[in-house]
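Presented sequentially are two complexes of chain A, the first with chain B as partner and the second with chain C.
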Partner chain A sequence: MRKLIATGLLAAALASYSTAGMAQSTVYFGISGEPTTMDPMMQTGTTFRTVKLGIHRGLVNYDVDGSISHELAESYEVAPDGLSITFALRDALFHDGSPVTAADVKASLDRIRDPEGAASFRNELSAITDIEVVDNKTVRLVLDQPNAAMIHYLALPESVIMPASWIEAFEADPNVAPIGAGPFRFVNWTRGREIVAERFEDYYKEGKPHLDEVHYVFYGDENARVNAIRTGDVDIIDYVPARELEALEAEAEIRTERTFGPFMGLQFNTQFEPFSHPEVRQAIAYAVDRAVIINTAFNGIGTPIYGLAIPEGYMGYSEETTNYFTHDVERARELLAEAGYADGFEARLLASAQYSFHQNTAVAIQSELAKIGITVTLDLPDWANRMSKASVADYDFMVMGSLGEITDPDWLSNYYYGGTQLVRNNNSAYFQDDRIDELLDQARVSTDQEEREALYAEFADRALELSPLVFYMWRDQSYAVRENVQGFTNMPAFLSFQSGFSIENVTVE
Partner chain B sequence: MTLFLLRMRPAVAASALLLAAVVAIAIIGPALAPYNPYEIQHLKVNQPSSPQHWLGTDEFGRDLLSRLLIGIRPTVMVAMGATVIAAAFGTFLGIVGAYGPRLVSFGIMRSVDILLAFPPILLALLAVGFWQSGVVSLMAVIGVVYTPHFARIAQSSTLQVMQQEYVQAERSMGASPLRIVFRAILPNILSPLMVQATLTIAAAILLESGLSFLGLGIVPPEPSWGQMIGTARSYLSINPMYLVWPALCLAMTVLAINIIGDYLRDLLDPRLRQ
Partner chain C sequence: MNALAGILAFVVQKLATALTQLFVVATLVFSIMYIMPGDPVLLLLGSESSPSPETIAAMRSRLGLDQPVLTQYVSWLTDVVRFDLGNSILGGYSVGQVVADNLPRTLELGLAAIVIASLIGVPVGIAAALNRGTLVDTALTSMTTIGISVPVYILGALLIILFSLQLGWLPSSGYMDIGRNAPEHFRRLVLPAFTLGFGLAASIARMTRSSMLEILNRDFIRALRAKGMSERRIIWQHALRNASIPVVTIIGLQLGNLMGGTVLVEAMFNWPGLSTLLVDAVSSRDYPVVQGSVLAIAALFIFINLAVELIYGLLDPRIRRRRT
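Now for the complex of A and B:
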C-alpha cells in the first residue's frame, strides 16, 4: 500500500516537474526491530547492523562472498614483524562532503579503544597500542604483538569510520545526524516506524549504489513481518521464522535467501557442582537427540552438530571434530555414573520466553535429559532479564543461540578463553583451562597458516574433551526477498548478520 | 437434582453442567488424558485431527486433547484460588473500612481507590515482573489485583446494613463488634459478594490466560489454555485448529460462569425475587 502511495506521489511529481529520465527506485527493508542507538561502535543486534552497513563503511569490510573487501582503505600492509598494519586510504568522501582522512580513522578507532568507553569490541581493538597518522592518506596501527585476527575485527560493522568533526560535535547524541562514508546517506528516523536513507551520489564505488532510497521499516512481530512481505508492503525481510519458510518459498513473487549461520547449544555454570565435571557435560552432549530440537523448535529446518560449531571451510573444522559425539543414551548414562551421578540430579535451565525457538529448545532439552535422570526446571524470563541473568551467571545451564563474530578462528576466544572476565555472554561461566588459553593465545599471534592449523586442531581436541560448551545444531538464518529485487545476498555462515552490506548491490525492477 | 436443573433456564442449566464438567476434569483430568501430555513426539508435530489424536498435535507432537484436559487444572486452580484470596481479603478490608475507626477506614478505602484506578492487567504485569511465575504466585497476584473490587462492595454493603434495625438492636443490647460483624453483617452482605465472586472467577481465568499468553504465567511444559492460545498464534498458517480448540474451551467456560453469575444475581436479589 505504502509503495503504491509512493509510486503515486512520484508519478505526480514526475508529471508536475516533467523530469525526464530514470524512475525512482526505492526498497523497503522490513527489519525485526528498531535500533536502540545510532552509535556505530555499539553492537546491539542485527537490525542496527543492517542499517549501519547502509550508511557506514570501515577501512575494510566483509564482502558478500565472505572475503575481506578493501573499502575506505585502498590497500593495507602488515609489517614483516607483524607488529603494525599500514593502511593507504582511497579518495572517499563522507556524506557531508569532507574527504576521509587519516585523522578521521584515528579519531574513530581511538574512540573504540577508549578504556573509559562503552564500545562493544573495545577489548579486541585494544590490542592496538597506538595509531599513527603518517600523512593525510596513510595511517598505521601499532600492535603489542602480531594479531592475525585484527583485520577481521576492523571489518566488523562496529569498526566503521566517521568524520573526526562529527565525533566531536555529535558524540553525546549520535542519533541526530549520523554521517558515514557508506552508499546511503541518513535522511531521517521516524521513531517506531522506519529509518530512511537516500543514495549518496559521491560514493567511492563507481556506479553504486543503484537504489535511490532505502526504507528500513521496523517489524518487531514476526507474524506481522512475514505478512508485510506477502502483501508487498516491504521488499526484503530478515529473521524469517523457520515455520514460514516453506510457505514463503511456495509464493511466486517471493524467494528466500537461506544460510545456516547461528548455532544452538548449551552454556554451563561450572560452579554448579554437577557441571564442574567434564563427564557430565559430555553426557549431556550424548543424551540429546538433535532431531527432537530441530523438529520441534525449528520446524524440521536445521543441521545437527555432534561436535564443535565450526562451519565447514573455517579453520579448526574437521570431520572428526564435527562427529565427535553421537546420540547415545547408554553412553550418557555411563558418563553420568562415572562422575558419580548415576541417579541423576536437578538443574535449572535458563532460556527466554521471548523467542519461541529459545523456549522450545529448552523444552526439548528438558524432555531429552529426563531420559538420563536429569530433572530440569525451566527459567524463562523475557530477553532483557535473560541477558542480565547471564551476565551475573545466575543459571545452572543456559540455552545458547549465537555465532562467531568474525571468520578468523579467533572468534573461538570469546567462547572458550578464560582470562580475567570469567562470566561473559558467550562463554560457560567460570570455565578456565590453562591449556586452552595457551593454545588460543599462540594461535592468535601466529601468522603461519600451518602452525595455526595445528594449534586449532589441538584446541579442538581439548575443547571436545572438556566440552565446556555443548552444541546441538545450526539454525537457519533466512531473508525473504521479493522477486523484483535483485542483488541482495544473505552472506554465508557467521556473516549472515552482516548481510546488510549487500544493499549497495541491490536493484529493483 | 434433575428437577432442580429442569426448573432453571436452559442456558443456566447448560452452563451449570459445563462448569461441573470443567471442575470434574480439573480434578480427574490427568486420568482421562488419552496420551501422556508431556511426551514429545518429534516426528508427529502439528498434525490435524485424526483417529489417533482427536484434536491433533502441537508443535512438539504432544496430544492436544490431553494438553487441554490437564491445562484445565492450573486454569481452574488459579481462578478459584485467586477468587478466594480476593474475596477473603477484600471482604475483611471492606468491613473494617466501613466499621472501623475513621482514620483506618479512610486509609483503607483510599488505598483501595488507588488500586482500582489501575487496569488489572497492568497491576498483574507489575507484580509478575517481581515474582517467579507459577501457579501459586499467579494465584496470589491475581487475588491481590481483585481484592479492591471486593473491598468496595463489602464496604458499601456494610454501610447499608449498619443502618438496619437488627444491627441497631444488636448494638443497643451491647453485642461485641465481632459478634455484630459475624452474626448481623456478614450474612446480610453475602449475596452481592457471591455474585462478584462468580464474575471474578471468569475475570481471573481471562487474566491468567492473558499473562500466560504473554509468557508470564504458567511455566512450560505445563500447559494452560491461555498459554496454548499464545503459542498457537504462531502456527496459525500451519495448524489453525491448534488455536481454535483452547480458545473455544476458554470462551465457553467464561461464558458459562458469567451466565451463572447473572442467574445468581437474579436469584439472590430480593427486589427481583418473585
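Now for the complex of A and C:
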C-alpha cells in the first residue's frame, strides 16, 4: 500500500511539471505522417503539402477563401492572344537573405517542366514552351496555346519558387536545407518525429507570420493523433477520423474545422467486357444507396453525389448535373438487361485494406450490387500494392477516393481525357471518347468565360451519359484545433489539402 | 588450462551460431522485400498525379532498382558487412544514421519496461508466496493472470484514458530529448514503458512466487528457522537470493520478446523507435529502411540471447559442458 501511495505521489509530481516553460507562440501541428521528401516539386501527399506551405510560396497561391492570391508575383498579365503570361515580381527575400529574382523563377519552373525530371505536375507545366527573363523582376511564360488553367497549376504547392543557387547546390539532396520565401524558415527535421520551422523575420507580408515556431509532429496512428489534441500535446491535427468528430466537437477546448473535399466513387476498366457498356456503368450508379456507403464507411458523415463530383460554385456545376441519378434499383436492372446482363455477372473490385474507409466503401458497394445480381469479389491489398495494380489496370473496377487538384474545371482532364496514356491513377482504364477530348481541349484554350461555361455544360452531359466514372459521395475532410489557436482555415472543397497555407495567419493565446 | 579451452570453444561456437543467424536473417529480409508486391517508385511519384512510363523508368534507374536482384543482393550484403545500410529510397537519408538514432530509444523503452516490471513483479510475487493459499494470494495470482492475458493495445488505451484524458497527469504520446527537457523526457516514458512492462511484471510475479515457494520448502530454510533466525532475515537474505536465479533468467529471456511488443506500443504512444521506423518504411515500401531496421532489431535480439547464453554458460559449467 505504501508503495502504491508513493507511486501515486511520484506520478502527481511528474504531472505538475508542465510544458508551459516553452516559447509562448509555438504551435504543434500533428500531421498524419512523415513526409517522404522535402523536394517541393513532388506531390507525395497532404502532410508534405502542409509543411511545404509553411516554408515556400509560389508566384501565386490559393488563398484561404479559394481565390488566387498574388504571392511572389505582385501582379501578372495574360497577353491578349493568351500565348504568354507576364509576372512582375515583388521585393521578396528568400530565407538565405537573397532577393527573389526572375532567374529564380525560371530555374524553379524549368526544373518542373524538365522532360527528364520526375516532377508531379511535369505534364501540366510542359504547356509552357519557354520562360523568358525580361529583367531582374519580370518574367514571361510563353505557352504553345492559350491555357486558362495554367495560373491554377502555378498556384499549386508543387510550383513554388526556390533560389536558383539552391537548386544547383541541393537538387540531389533536397532534404538537407530547404530554402523558400515562405513565412517560416526550415530549422530541422528529426526523423520519425517532427519538422521544425521558425518565423522568417523578412517575410514579404507585413506583420506576418505571428508565430515564433511551428512544430510539424508526425502522428501516423490516428488514435494517437486524436489523443494528442485531447491532451493538448498538439494544437492542430489533420485527418480527424469521422468516428471521432462528434466527440471532439463536444469538448470545450477543441473545435473542428470541417469541409467536404474529396469524393468517393468508382473507376472502371473499360476493357473488362461488362464495363465497356455505358448502360452497365449507369446501372451501377443507380443501384447503390449512397446512405449505405456513408453509414458503413464514414459513420454517417458525408454528402451524397448523384451526378458529377463538381462542387457547387465551380464551373461545370449545375442542379441537373448533380441530380442526374437517383437510387433506383429497378432502373438499374432495366439498364443491365438492355446491355444484355439481365442475370448479372461477376467482377473484381479493387480497394485497399490499409484505409478502413476504402475497404468499407468496397464492402458497401459489394452488398448493394448483389441486389442487381452483380457478384463482387473484393481485392483488398495494402495501399502500395493497390497503387501498383492501379497503374497497370489490374482491376475490373476500383474504389476511387480523390479530388480535383485545382479549382479551374480543367481538373476534369485528369479524370476524363483519353490521350496517349490510357491507364492513369485517376481515369477509368482505357476509356477514350473523342467528343470528350475535344470539349476538354477547347475549354482549356478558351479565354472566354461564357464559351467555357457552354463547353463544360456539354461536357457534363456527355460525361453523365457515358459515365466512365461513377461518383457516390463527398467525404468530410476535417481538422481539429485547440480553442486557444486562431486563424487556421480549413480551405474549401478541393483546396482542403492546401490548408497548410493558412499557418501564416495563425495566432495562439 | 583445459577449463579455459572449454570456455573458449564454447564462446567461439556461440559467436559462430549468432553470426550464422544474422546472415540468414539478412538474406531472408532481402528476399522477402523483393517477393512482396507493391512498387516504391509509384509511391514516391505520388498518388494524385499520373506519372508517365518514362518518368517511372527514370526514377527506377536513379534508385538502382532496375539492376538484377542478385547484383542488388551482393552489393547490399557487402555494404552491410561494412556497416553501411545504404540510403532511404524516399528520403535519401542514411539508414545507418536513422537506425542509430532510433535504436537507443527502443532500448530505453525496453529497459524502462523491465525496471518497472521488476519493481512490480518481484514484490507481488513475494507477497503472494508468503501469503500462500490466503485471499491475498488468490487476488494477486488472479491479477497476474489478467496481466499476462491483457493485450498491450487494450492496456495502453485504458492507461491513456485514465492518466492522460481523465486525470491529465501524463502526456498520451510523443517524445522529448533528454538533453532538452529531462523531466519531460521521463514523463513521456512512463505510460509506454508501463504498458510494455505490465505483461512481464505478471510473468515475473508468477515466477517469483513459485520459486519462493520452492525455496521456502527446502531443508536449509527449515534449518535456519530451527536455528532461530528471524523470519525477515530468512526471507530477504536467504530465500530471495536463491529464488532470484530463475527470475533473472525470465527477465533475460523476455528482453528479446519485449521487442515484439514495442511494435504496438511505439505506434500507440507515437514513440520514435525502431518499430515506428519499420512500420512506416513497410507501408511506403522503403526497402533499405525496412532492411536496415529489421536487421537492427534481429541483431539486437540475437545479441541479447547471445549475452544471456554466454553469461549462463560462464556461470554454470553444466550448461557449458552439455552444449559443447
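Note that the second predicted complex is superposed on the first by the 485 of 509 C-alpha atoms of A that agree within 3 Å, B and C clash if a C-alpha of one lies under 4 Å from a C-alpha of the other, contacts with A are read in each partner's own complex, and residues count from 1 in each chain.
To be clear about the criterion, a residue touches a chain if its C-beta (ideal position, glycine included) is under 8 Å from a C-beta of that chain, and two chains touch if they have at least 3 such contacts.
None of the values given here were measured: they were computed from a predicted structure.
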Superposition on chain A - do chain B and chain C clash or fit: fit
Which superposed partner A:Glu405 touches (first chain B, second chain C, both, neither): second
Touching partner for A:Val292 - first (chain B), second (chain C), both, neither: first
Partner chain in contact with A:Phe121 - chain B first, chain C second, else both or neither: second
Touched chain A residues, chain B compared with chain C: C
Which superposed partner A:Ala364 touches (first chain B, second chain C, both, neither): first
Chain B versus chain C as contact partner of A:Asn223, first or second or both or neither: both
Chain B versus chain C as contact partner of A:Gly302, first or second or both or neither: neither
Touching partner for A:Pro178 - first (chain B), second (chain C), both, neither: neither
Touched partner set for A:Arg243, first chain B, second chain C, both or neither: first
Partner chain in contact with A:Gly33 - chain B first, chain C second, else both or neither: second
Shortest span in Å between Cα atoms of chain B and of chain C, once chain A is used as the common reference: 5
Shared chain A surface residues [contacts with chain B and with chain C]: 223, 354, 382
In the complex, chain A residues that touch chain B: 222-223, 241, 243-244, 247, 289, 291-292, 294-296, 299-300, 353-354, 356, 359-360, 362-364, 366-367, 377-378, 380, 382
Touching residues (chain side chain A, partner chain C) in the complex: 3, 11-12, 14-15, 17, 19, 33-34, 36-37, 42-45, 116, 118, 120-123, 173-175, 190-193, 217-221, 223-224, 227-228, 230-231, 233, 354, 381-385, 387-388, 391, 402, 405, 414, 421, 424-427
Parts of chain C lying in touch with chain A, wherever the complex brings them together: 37-40, 42-53, 55-56, 58-59, 90-93, 98, 101-102, 123, 157, 160, 163-165, 167-175, 181, 183-184, 186-187, 190, 267-270, 272-273, 276-277, 279-280, 283-286
Interfacial residue positions of chain B with respect to chain A in the complex: 38-40, 42-43, 45, 59-61, 215-216, 219-221, 231, 233-238
